[in-house]
Amino acid sequence: MPHEPFCVRFAPVLLRTTPFHARTAALSEGQAWRRWAGYVVASAYELSHDREYHAIRSAAALFDVSPLYKYMITGRDAARLLDRVVTRDVGKAKVGQVLYTPWCDAAGKQLDDGTISVLAEHTYRMTSADPNLRWLHRNATGLDVAIDEVSERTAALSLQGPTSRAILQVAAQRDLAGLKYFHLTEATIRGIPVTISRTGYTGDLGYEVWVHAAQALPLWDALIETGTPYGLTPAGMLALDVARIEAGLLLIEVDYFSSRHALIEAQKSSPFELGLGWTVALGKESFNGKPALVQEKARAPAWQFTGLAVDWESLERLYADVGLPPRLPTQAWRTSVPVYSGGRQVGYATSGGWSPLLKQYIALAHLEGTFGTPGSAVEMEITVEHHRRRAAARVTKLPFFNPDRKRT
Amino acid sequence: MNAAGRWDAIVIGADVNGLVAAHYLARAGRRVLVVDSRKAAEQRADVGWVPPQVIRELSLASHGIQIEQPDPWIVAPLAGGGRLELWRDVAKSAQSIRRISPADGARWPEFCTRMRRLAGVLEALYVQPAPDIESREIGELLRLGALGLHVRRLGKQTVIDLLRILPMSIAELLDDWFENDTLKGVLGAAGVWHLRQGPRAGGTAFNFLHHHVGSPAGVFRPPRSSITQILTAMPGVEMRWGAEGAVVAAAGTATGVRSGSEALSAPLVVSSADPRTTFEPLRPQLDAEFVHAVGNIKSRSIVARGTVNLERPADFKTLCLAPSLDHLERAHDDAKYGRTSERPYVEAVATDGHLDLHVQYAVTIDQALVERVASALGVPAGQVRLEPQAGHLYHGELTLDQILFMRPVPGWSRYRTPIHGLYLCGPGTHPGGGIAGAAGRNAARVILRESKRS
Amino acid sequence: MAVLYDAIVIGGGHNGLVTAAYLARAGKKVVVLEKRPRVGGAAVTEEIFPGFKFTMFSYVVSLLRPEIIRDLDLPRHGLHILPLESTVTPMENGDYLAAWGDHDETRRELYRHSPRDAEAYDEYGRLMHHMAHAVRPILGMVPPDPTSFDPRDLLALLRLGRHFRSLGAERLHALVKLMTMSSADFLDEWFETDVLKATKSASGIIGTFLGPRSPGTAYVLLHHYMGELDGVFRAWGFAKGGTGAVSEAIASAARGFGAEIRCDAPVARVLVKGGRATGVALENGDEVSAKVVVSGLDPRRTFLQLLEERELPAEFVSDIRRFKFRGSSGKVNLALDALPSFTCMPGVGRHHRGAISISPSLAYVERAYDDAKYGEFSRRPYMDIVFPSMIDPGMAPPGKHVMSVFVQYAPYHLNGGWNDAKREAFGDAVVNTIESFAPGLKSHILHRQVITPADIERITGLSEGNIFQGELALHQLFFLRPAAGWAKFRTPVRAYYQCGAGTHPGGGIMGASGRLAALAILGDGA
């Protein structure tokens, strides 16, 4: 059945706008937008993303994350469905808990990753980067479960940074010190019912706020009004990208490809190869990909997903050779960059950039076998004045940045 | 309550394939139980070729198996009056045909020879599991090579025929050879048996050849036999009638069968039931893609079976009411849009003082259809009784994408299933319906070979 | 006066022109003999009414081989393929289904019909992409003969076998399904939206005498994705100037390499001496000699018309006689003084720059087929409509338009045969059907040209008006095209070759047959 009367559709416009668009569009100084799941979202509001990034680490940043795909899974077999699909043990999760989890195909290769919020008994909200409605339905045959896509109906904001808790406590008029990391609670902000989850994509103290799309704008206004005195800054995807690399968090289609999209076998990855072995509950009775993952666990890992920290002196020398000071990428890059050891390519970095907080050139990389052991010395390719050079780098355990406030 | 391990194998379904599989396993020393939900065996002849290997290896001849050899094997009314009779002797049929079309009569012998050769290739394919084209095992590759050589040795014409004719429509094939509508209708009907397709659809030439398997040259209807009756009476396996059988499995391994509230345990379960029914209770343990593939099996039931009570004995063995290919095509057109054929194709076989009916295309079986059938046969409607729809007789249409290594679902064509210890052996597997016992034998041999290895 | 050419190409259709160009490029002295006043065959653009250029028969370029575009440097000879990116299907309830160029947009459009189909569409597209990639090598290869023991054939067969096995189980199974199923059944496994399935399966029936529920129509679904593989070459689009411009570009390339092209030069027969072709005789009696003769005409004309039957083996003659042509397509070209307004998308919009598909449901298309099965043209036909003037303004005077309507079904073997009255009735059925989706169309028609299969045959010579020079059915493809044992562009007559779409890989404006034939001729040391 069509969702809206079709006569309204005839004005073939192109991309969707999120429920916050009226506010975010007004703030855009440089008209820098990008696509996310068929929506337009801001790359940055100001002409540079610099201040927006720093707000994440020094005060608080506000991101519009509405384009996430969201599904409500309800019914007697809701947990059974989710346990069949994802690698983590959903059955063991308690109401109020949020799980981060990947999920795999029958061969144990990762399809996607997202979160599962346990809203109530038999009631879950699942988020994902790619659409998964069909996959969920496919796995639900024979189960007593309802799957409802709520992507358009549910808007979401991400509020991240050291003052985020203080802002939300004022906005929601309650104490949130008891809300533990990766847990959620229902609340009201100026009379608007919301779900607040202590989750995020920055590896910092932060929360995500989930609201019905119809009340998106009032929520935005409430948070901006409450938060501005605390330094709350609307921020775009460029700022978020730097923070997530510091947090060592992977991004689909950049750091790995869904096995669904893979054209060849080599483009597929298992959770173990992506540093997500901790999410794989092999003790669960059965789930998609389990037999393959059991076998893989028994072998030495073929690939490891780790951090790289580029050695400053080495970098400086490369630029000095051509008479220039080092030029660092302030915007994170998302291309594939070769990584070498002993003259041979042993892997590739998929995300990287300069961390203004850590004052380091960092990257997320895939390295073969033992080359991914933290502390190993490798070289990362850098193009200096049109020539491909190699800078020394050290394999670093992820995350690069892990402040206590994230969890306490 | 059963003692654990009372049986080595439980077979679900006392149809010909279930019974053949059961007896093969019994012959190899297994204790076999056969369960069937019906109250008793049907008193109906089996339609389909019984492979000579099955007859020989189960000593069916000494048990008195009867295979009918009707002559003429079919009669069809002609448009201008009179009947066309086709005989087991090719020359005699040629003469019979010449009376309605000299050109067709002249071509008949060669047509028969060519079709027989192709059916022979199918027969060779049917008495073994489907070729596994993805295998890297030497044994399998050698088998494939031997098959290729066997075909090549039949001559260049046969190879070309095989490649050309298998994907063709029966209408095109027959239009290439013959001109007479009645003759083409009689032959074309075999091309659409149990298919929701008309004679102009690709793949119906294959279906036509499938139903020629096991018959001599010039006979284009499968033989009828008493094999199920014989097997039902043969000792060697325990039979339990009126017992449903739902497969029970734990952690991906079969543990037995549930019948009502009773749990019957055995490490090996062989099901000759429809794959969909077989896997229904096992869905939570099966991979989503497999379940989806099983759900996609095309098994659109459009055949109505039934009987006609006769006041006097029939003056034919088999009567075919399909006056032309267009008649069949139009009958199918109705089914395409979800309606029972306005003018159905009806075939009647005289047996035991009544007629066995095969009617296509029946979307709903109701009084209207009874009347259409009665009108076609020229008997009072009260004498016609049609059975309610019971699902697709072949458990899956014999379309080109649902045969050989694609049957019942791609990748699972050798009777094994994702559930360890559960095997399929019914018409839903290779070589399909209408071949009496080949699937059962193939499955049993696969099971015995695999258990020898383990 | 007695010039001896290296090669004569009979027929100036696009394949014949490609053959001539490749031969000339290799230094051969080539002459193309075309019966009409212009080259192109069924790929022609003609100014039927002053100021209005009709891309008379074919209207989109599909799958023109990138290697041909590169080898003959066609862009330099005027080839310019423009994007044809959207397909809109008006529905009978006033709604529509649109497929746009942008992936996100299309997804959103599908989503409003069915959220699940929107996701399935992505997966389906990926699978078809893999399938197209798997099948592609076959398009460019000479079919090996499976009945021969020649080591070259056996090796080719082995390589083919290995290629398919390397696909892996999942893709191999998908390929078998694609080759054997009906497009409707295949799509039923993926989608639930009827109008989506109808529009996609309509591409499966083009040029065939089959309906969407007929087995064997699924593999044509691949064609569009094969075009996508060569995406940057834009093998799927509208040629500026119509498909006639494609023919003219190839002709220009051929002339550039030194080939001679003669129009108004219909060939009557091929001259054969001692089992070997020595040249041709024109209808006016003139004779032209050559070392090699190549026919770009369809197999029926190539063998049964241009040759005496005694020159050919009896078995071969009956195979060619059995080769099915049954034309099923017609064409209606309209000159308009304004664009029609569709009920589902009133006014002038982006949809006028793409294709409009009249395929509102599977039952609709299947019923159109039913009419043809029994010898009538479809009362409410399937149609593929484009407005060439919206893509290339030079096709019509400013502010006015041309509308190209490809129609199925119009059976060649119409009950009672085609005549002027039937042609007009057919044209009326077409226009009336479009009018039901776009009221007011009739009031904008300045001129109307209706082309039936009989007309296609009469004008272009394509037997029974079959646009692919023979049906693209499994039993007439690959090593069976046009006959078993004669699928390698050679014929039973020495020095006589075939290069038209009646050979592998078949129809569409690919040029592949022309190129492969030329390579075969050169390989034979002509």
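Going in written order, the chains are labelled A, B and C, and every chain counts its residues from 1.
Simple rule for what comes next: a contact is a pair of C-beta atoms (placed from the backbone, for glycine too) under 8 Å apart; a residue touches a chain by one contact, two chains touch by 3 or more.
These figures come from a predicted structure and were not determined experimentally.
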By C-beta contact count, A-C versus B-C, the higher one is B-C
Chain closest to the assembly centre - both centres taken as Cα means | C
In angstrom, rounded to a whole number, how far apart do the mean CA points of chain A and chain B lie?
-> 55
Cα-centroid distance, chain B relative to chain C, in whole angstrom | 40
Centroid spacing, where centroids are CA-atom means, of chain A and chain C in whole angstrom = 48
Expected list for chain B, residues touching two or more other chains, is none
Residue ranges of chain C touching at least 2 other chains are none
Which chain B residues qualify as touching chain C in the complex?
-> 133-134, 152, 156, 159-160, 163-165, 167-168, 172, 176, 197, 200-203, 296, 298, 326, 329, 333, 336-337, 399-401, 406, 410-411
Complex contact set, residues of chain A against chain C = 2-4, 6, 9-10, 12, 14-16, 35, 38, 131-135, 137, 149, 260-261, 263
Touch list for chain C against partner chain B, complex | 146-147, 165, 169, 172-173, 176-177, 180-182, 185, 189, 210, 213-216, 322, 324, 363, 366, 370, 373-374, 473-475, 479-480, 484-485
So, in the complex, the side of chain B touching chain A is made of residues 251-252, 283-285, 287-289, 291-292, 295
Chain C contacts chain A in the complex at 94-96, 98, 100, 102, 104-105, 107-109, 111-113, 115-116, 118-120, 122-123, 126, 129-130, 344-346, 349-350
